[in-house]
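Think of it as A, B, C and D in the order they're written, each chain with its own count starting at 1.
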Amino acid sequence: MPEMLKEILKNLVSKPATVNYPFVKPEPLPATRGALSWDMDRCDQCQDCERVCPSMAIKVLPEEKRVEYQPFKCLFCFLCIDNCMQQAISNSTTLTAPGYEKRVEVFEIKKQ
Amino acid sequence: MKLMTKARLKSPWVLHFDTGSCNGCDIEILAALTPKFDAERFGIVNIGDPKQADILLITGPANHRNKTVLKNLYDQMPEPKLVMAIGECACSGAIFHNCPNTLGGVDKVVPVDVYVPGCAARPEQIVDGVVLALQKLAEKSEQLEKKEKKGE
Amino acid sequence: MSSHNTATIQKEYTVFPFGPQHPVLPEPIQLRFTLDEEKIVDVVPQLGYVHRGIERAAELNDYKRNIYLCERVCGICNYIHGMTYCRVIEDLTDTEVPERAKYLRIIWQEMGRLQSHLLWLGLFADAIGFESLFMQIWRDREIILTLNEKTNGHRIHLSTNAIGGARKDIDASLAKEYRKDLELVREKIKVLEPVFYKDKSFRQLTEGKGILPKNQANFMGAVGPTIRGSGIPQDMRTLDPTCKALDFKPVVYESCDSYARTLVRFDEVFQSIELINKALDQMPDGPILNKNEKFPEGTTIVRTEQPRGELIYYVEGNGTNKLSRVKIRTPTGANIPSLVSMLIGHELPDIPVIVHSIDPCISCTERYVQVKKEAS
Amino acid sequence: MTQEIDMALRVLYVLSAPILAGLLTGIDRKLTARMQSRMGPPLLQPFYDLIKLWGKEPFITNNIQPTLAFGYLAFTVTGISLIALQEDLLFILYTVLIADVCLAVAAYSTKSPYSNLGGKRELLAMLSIEPIMVLTAIGVHLITGSFQISSIFAYPTPLIFILPAALAVQVIVLVIDMKKSPFDISGSSHAHQSLVRGVYTEFSGYTQALVELGHWLKVYFTMSLIALFWAQNFLIGGAIAFVLFFVAILIDNLYPRLDWKDMLKTSWTFGFIMILVNLIVIVVFKVI
């Protein structure tokens, strides 16, 4: 007797396990490691994040007063968040969106 | 929308090739095909044959040995075709940026249409990427049809 | 010794390339089969398609960054790779790991094993054409991945390793969820027990295929479920005092074939769930991270048990922030000679069964470079 | 008047074959997905696939392959038309056999080892189907005294009551024809694990579309033959065929892929014996 029979018939009559993803968006879990952003009011351009980044996705340019972040190089390990003394880096639970090009996100300090 | 374009959008068959990723993205591609995400809803079938595939999914940073294989696979795929780089290392090398035997991103070997970020790219992101890729496929399909008309 | 009769008719052999791109192997390895009709006469594995040079990169990096590089040696058993690297550095810098962190490591290590074994059981089912079983197991595996995401924020790469402990903690409410979800997984996998133990067609496909006798397994240096399927209780977790405290005993099957290797993995799923539950119960309170800013000096070896077998990290430190040598020996690399010896004499339809029975993880394997001497 | 309706029905049967066959494939994919607790593709998915394949740039490996792919389709269509004309059963069986030969030769005509092995296994699949089909035809001859399909229609009692074992064995034929596991050894609609795509490996673009359509029609053809077990009312006949179709899908999900030796064993021992016993019972007990 084939042993899967019971399971298969059960699946056939019960609801599919599929999340109809792009049409139904489930609530993101609070711990999800999503896209990063820099709060430039807090950032003091210390380059700590650049130093710890394992994949060199962050470039801090103190002279030009900006941070260049490459989401297509980032590992989402969140070492930068853990190591930021100023707590200038924050994450969201939204995932980084795919794109036709490799974007570079630039965060600049507003000129006074 | 024309029938042919619509059919092309509804049935993207994918070919998966690993160019040296850590397997994280590969298993997530497989996870995208399994019940929870079920990519077959969009007509996606994981076909093992480059001659019958529409979208080439590449994971991994590409190295000197597999770049010829990758190029071969790309050349064997018939038009209209698309290339998706899945995961950070396929996009730009990421963690393998200073590994001596990697090229740092598959776009150095074949033209890439859609970049999917994430380490490893999640099934949600892969599905989003496919949706983006389909928009590009529609453009390509229309261009191809115009070309055919001109040819006649 | 086999005697070669030169008088026999010259047979025509087909060379059948299996890979580098092939649906049965998601990863690029080429196995060149020489076939006599459908019978395998010879196999030559060709590696190098996923060689990235991780060991060299690990010498170029700052030693702290290497945790993340080592995690990406293999995405399936990423946690154990990172953990082993951390343990090596802790050895070299004399860092004491807090007791709670040790238990956390056991939990995540077993979560990795659980995820990997379920993945393998599914892939194996897919390789033998049993699509419904594949889908069923992968559906249930999602529960574990969601659990991973709840604690660490990602389904696959946990990234919770830190030298001297762990980066994240499991609090009481999470521990409750762990227990609940693991019970759910246990129930769902338990339902599939008759398929693995009784199903005639499944047994027919795996029993007697890819036999690796006990002495051969020892001689070829097989590791992990491959050697445990041949009746040798070799498991690196028995060397770990924390694991010992949870009275861990390796799963062993005696029949030496693909079926035994399947059952070893199937039983280890339940064993892992049990271990996690025990670790959650016995986990003491306290700090989870002990920071030590010393640079590694000296040499050391750490052996841990990956889902696929024994993993060895050998590291030489020189008192600076860069290491002078990192050598990683992964289980699949150790199992490939056994695989070749298993395959010869079998038929073409058995290839997926036997190749999958060692759970090949090629991205783990490829770190060494073969240097060929050119004939001058 | 009834003759005209009859004529119209026959024409409808042939003309609607591609649409019904495509829908069947759609139902098959949907049912399979639901059995695996997935949502599954839309019902019209096979048609999208077919149209897309038609529009794809073809890679023709050699000149004979498109012809053979067309031959596969053409002979299958001929088989279906011959059923509509209520011709000789043996004639129909061997016409469709030629279609299969076309596919196998097309697979053999390339240098790819996957394709060649797929072709060989396709021939083995034919070898295991044929005895069952021919024995069933002989059974029909025993009962009605003729190989003509029209004689089945003329016979008062449905064949299902006289040849129940033969009907049961048709499941094996259907599974092999649909290229479903356990007997999907020569190739399947999804990525085939050990032979890439088996016989279909070297087809691409419109040749693949032809072969794909041919395969749908092949399944439709087999189901039509099964429907003849209740030829008096084609609705009941269709229902019987559909039940067997469902069983074939169920079997696909219940078993892993087996060897070609197991396929031959199953069809030649189990299939053969079942039909033979059925025939002997008919002859000895004079059921007819």
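Descriptive notes on the structure:
Criterion: contacts are C-beta pairs under 8 Å (C-beta built on N, C-alpha and C of every residue); 3 or more make two chains touch, one makes a residue touch a chain.
All of these numbers come straight from a predicted model, not from anything done at the bench.
Distances between chain centres, each the mean of the C-alpha atoms, put D farthest from chain B. Contact counts per chain pair peak at B-C. Separating the centre of chain A from that of chain C, both taken as means of CA atoms, is a distance of 28 Å.
In terms of their C-alpha centroids, the spacing between chain B and chain D amounts to 34 Å.
Note: centroid distance chain C to chain D, computed from Cα atoms, is 43 Å.
If you average the CA atoms of chain A and of chain D, the two centres end up 51 Å from each other.
In chain C, 22-23, 61, 68-69, 132-133, 135-136, 139, 142, 154, 157, 201 are the positions where the chain touches two or more neighbouring chains simultaneously.
In chain D, the residues that touch at least two other chains are 33, 35-40, 190-192, 196, 253-255.
Shared contact sites, meaning residues of chain A that touch two or more other chains, fall at 2, 4, 8, 11, 16-18, 20, 54-55, 75-76. Within the complex formed with chain C, the chain D residues making contact are 32, 35-38, 113, 117, 181-182, 184-185, 190-194, 196, 252-260, 262.
Chain A contributes residues 2, 4-5, 8, 11-12, 14, 16-18, 20 to its touches with chain D in the complex. The touching residues of chain C, when paired with chain D in their complex, are 14-17, 22-24, 38, 125-133, 135-136, 139, 201-202, 204-205, 347-349, 351-352.
Of all residues in chain A, only 2-4, 7-8, 11, 17, 29, 31-33, 52, 54-55, 75-79, 82 touch chain C in the complex they form.
Of all residues in chain D, only 29, 33, 36-42, 45, 47-59, 189-192, 196-197, 200-205, 208 touch chain B in the complex they form.
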